[in-house]
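So that you can tell them apart, the chains are marked A, B, C and D in the order they are listed, and the count of residues begins at 1 in each.
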Amino acid sequence: MNVTVWNENRHEQTNEKVKEVYPNGIHGAIADFLKEAGYDPLTATLDEAEHGLTENVLNETDVLLWWGHVAHDEVSDDIVERVQKRVLEGMGLIVLHSGHFSKIFKSLMGTTCDLKWREANEKERLWVVSPGHPIAEGVGEYIELEKEEMYGEHFDIPAPDELVFVSWFQGGEVFRSGCTFNRGKGKIFYFRPGHETYPTYYNKQIQQVIVNGIKWAAPTNQPMPVYGNAKPLEDVPGE
Amino acid sequence: MNVTVWNENRHEQTNEKVKEVYPNGIHGAIADFLKEAGYDPLTATLDEAEHGLTENVLNETDVLLWWGHVAHDEVSDDIVERVQKRVLEGMGLIVLHSGHFSKIFKSLMGTTCDLKWREANEKERLWVVSPGHPIAEGVGEYIELEKEEMYGEHFDIPAPDELVFVSWFQGGEVFRSGCTFNRGKGKIFYFRPGHETYPTYYNKQIQQVIVNGIKWAAPTNQPMPVYGNAKPLEDVPGE
Amino acid sequence: MNVTVWNENRHEQTNEKVKEVYPNGIHGAIADFLKEAGYDPLTATLDEAEHGLTENVLNETDVLLWWGHVAHDEVSDDIVERVQKRVLEGMGLIVLHSGHFSKIFKSLMGTTCDLKWREANEKERLWVVSPGHPIAEGVGEYIELEKEEMYGEHFDIPAPDELVFVSWFQGGEVFRSGCTFNRGKGKIFYFRPGHETYPTYYNKQIQQVIVNGIKWAAPTNQPMPVYGNAKPLEDVPGE
Amino acid sequence: MNVTVWNENRHEQTNEKVKEVYPNGIHGAIADFLKEAGYDPLTATLDEAEHGLTENVLNETDVLLWWGHVAHDEVSDDIVERVQKRVLEGMGLIVLHSGHFSKIFKSLMGTTCDLKWREANEKERLWVVSPGHPIAEGVGEYIELEKEEMYGEHFDIPAPDELVFVSWFQGGEVFRSGCTFNRGKGKIFYFRPGHETYPTYYNKQIQQVIVNGIKWAAPTNQPMPVYGNAKPLEDVPGE
């Protein structure tokens, strides 16, 4: 299975705190624990040619992870279209945290993907509401993060096909923080945590969820449906 | 309740058969039975200024019906964006037949909305699979249409929030032909039948479903959620 | 529309605090605000003959509300079966608070309907996660209850057809507190708040949600589907 | 992974045609192709002690397949309860064909599970409507069965969590023939084909779907949620 970790990689260049938490970038930290989990991930970032997402890279990618925040607008529409096409053809997509506002996620959802937010070093507790779901495997009843950015409802997404996690925030909000969606032949998992100034991606439970998500989102070996004009399979008088 | 019936209105100008079936346009035929049902619908067509969908018209519209086919590409992106915004704010949207390939439907779905199709004068039977759904009220167990265009699976849409009708076609295909979707505050109903060369919109059961759909899709009296930066509702130590 | 409010009505007989909060019983308090909303509700309680739910009463009931807690086991299996049959035929059912453990709800869900709970006079905030849903109409972004019993995830129900409210609790839990389910031709709404020692049913927003739920759960005018052996609608060679 | 194939095994004793098609019973035919797929399945039948479903057998079973028809009523309520408990704890359940009317399926669904049916040697075509679903992997666009019993809508089940197949029947009906449900920690797959007088379980595509279903329904390694009275995780003033 080929996994590609895409990261905007801008905060890491300009913000000392982020640089300290993620010296090899958020993509680097994610790639590290994926290697420990037995994957051999590729990484790709905004400032590479074609954002590192060439036709070739995408065609070889089974599951793509996406982290972006301040530079959503700099992602080229052509590349977004290319990623969307691949998702509809079966490539898995894991959208992380502020990726909720990425062009690719908004295109696939059809909604604003807007939400409430607050940076106040507050506690988040992600409750498993689908204990039989493979994405929740081995996680226990909840994940507690001492400090995270708050995201609050209403989260303007279509009703998820499956709701896996719901977050509690210290400041009084809740959030549908682990959501799956099927689009075309592709599986999409949105997972909320991961603000750039907190060491969230070093948390073992968070890592477990992302690894589970990758397994869950893997493409199946099923040909694309045939679309367009179709001959009848039975006699049709009007023919 | 204000209903606006939007129609591309092109086949009616160029195809004698369509002109004969729908002398006042598909929009005219739909407006007629909506009047009988007690509505006072507006109609709007592609070739009007702003396609007849000015800010004013859309702001006053509670439920918009959409029929298009050969000229999807001529619908301006700005107007599509305007309609999408209004749907997310709560305006109901009924997408009819070949409207599955309209820009507005594809934008709201995030998928290709592709399907199989065939024009062979064949029989369609729409089975009610959600007999308690308000959109199926008064319809009976199925609707039989002697001659319709075939649309077949796979229909590339997100799993509908509710599946109301499934079609059987003489030539051997099936189709999810009555589907609801919630996007933002808006309710969307996709209803398959209505090829331009058949008198489908004169069928009383089809009319009943469309009227039911309008009632179901009506906006509620609930303010828009507040998005963006939010003050905590509880004490947060990190503040 | 005929609404019947069913209440176990036991705490009200034995617990001074409950008696004080609900001097006419929980059913009385609910019936009062339904009258203000223009309904003419019937009430029925456990200790009446047939628990007040005769064939006649149920056949005339469009929407049934259900509150029970300490005496779920005393509800006769025959009456439960009768109610279930009516729901599947189209009668709406609103299950309130501790009714999650009633025989009727468990029979319709097929799961244990178990959950976490705690009585600690803590704050609950019910967030609207489906702002376009008719059950949320006029409620605003959230409902705040100063003191309620806590119910926490995992709530062992099937994934609801629609999730309308998610609760935040002061003690750190979340709960899917407004859930809809379709079973047969019937619509079911589970609504969490309403512990017997708190004046929850006097809260105007809670009343609004229950009235909205009744409207939403009303039966439609659609005949029951026909089941069993069926003649073919098309020629079948093997006949 | 431990798979148990349960079969009523009555038609095979009394009906010469069934005996001819399935000389080792339907369970035997299913066990055979599961062995080819690398499993070491157990079989169990109605007339064994405890129907072959002892506590021990069920505790060791990861996925249970269920075929029953004429003797649903002879299945003991205690065993049904035992199976239901195991499903809610995470055991996968594949319900085949006429198992739609089994006590275990009806208990888990909460509805009548009724449908239309006809034995007329007619053609069934199962269309894949979720081409990315693991249960559809390797199946192609549809499965064609030359002769099968007809099952027609309305099928009185809760809306499935995922709809994988929709059947077309020669006689004019459609049917939601591949449906998944999550109940508790358990995954349930209902798969329609498999009337006792047809060689359906020798069809390679049907076998593929059942093997896919078993993989999909496998339990995950996640402890059961904790239910009941819960200490607060945060300070609660009312404590």
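Heads up, the rule we're going with is that a residue touches a chain if its C-beta (ideal position, glycine included) is under 8 Å from a C-beta of that chain, and two chains touch if they have at least 3 such contacts.
Chain labels with UniProt names: A, B, C, D = Trehalose utilization protein.
None of these values were measured; they are calculated from a predicted model.
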- Item | Farthest chain (mean CA position) relative to chain A | C
- If you tally C-beta contacts across A-D and across A-B, the winner is A-B
- Averaging C-alpha coordinates per chain, one finds the centres of chain B and chain D separated by a number of Å equal to 36
- Note on the structure: Between chain A and chain B, the Cα-mean centres are separated in Å by 31
- Message: Residues touching two or more other chains, restricted to chain B: which are they?
- Response: 125, 128, 130-131, 141, 152-154, 159, 161-162, 170, 172-173, 182, 184, 225-226, 233-234
- Query: Which word fits the touch map of the chains here: line, ring, star, complete or other?
  - Reply: complete
- Item | In the complex, chain B residues that touch chain D | 125, 127-131, 141, 152-155, 159, 162-163, 166-169, 172-174, 176
- Any idea which chain D residues touch chain A in the complex? 90, 125, 128, 130-134, 136-141, 161-162, 170, 182, 184-187, 219-226, 233-234
- Item | Touching residues (chain side chain C, partner chain D) in the complex | 84, 88, 107-112, 114-118, 120-122, 147, 150, 152-154, 156, 158-159, 161, 170-173, 181-184, 225-234, 236-239
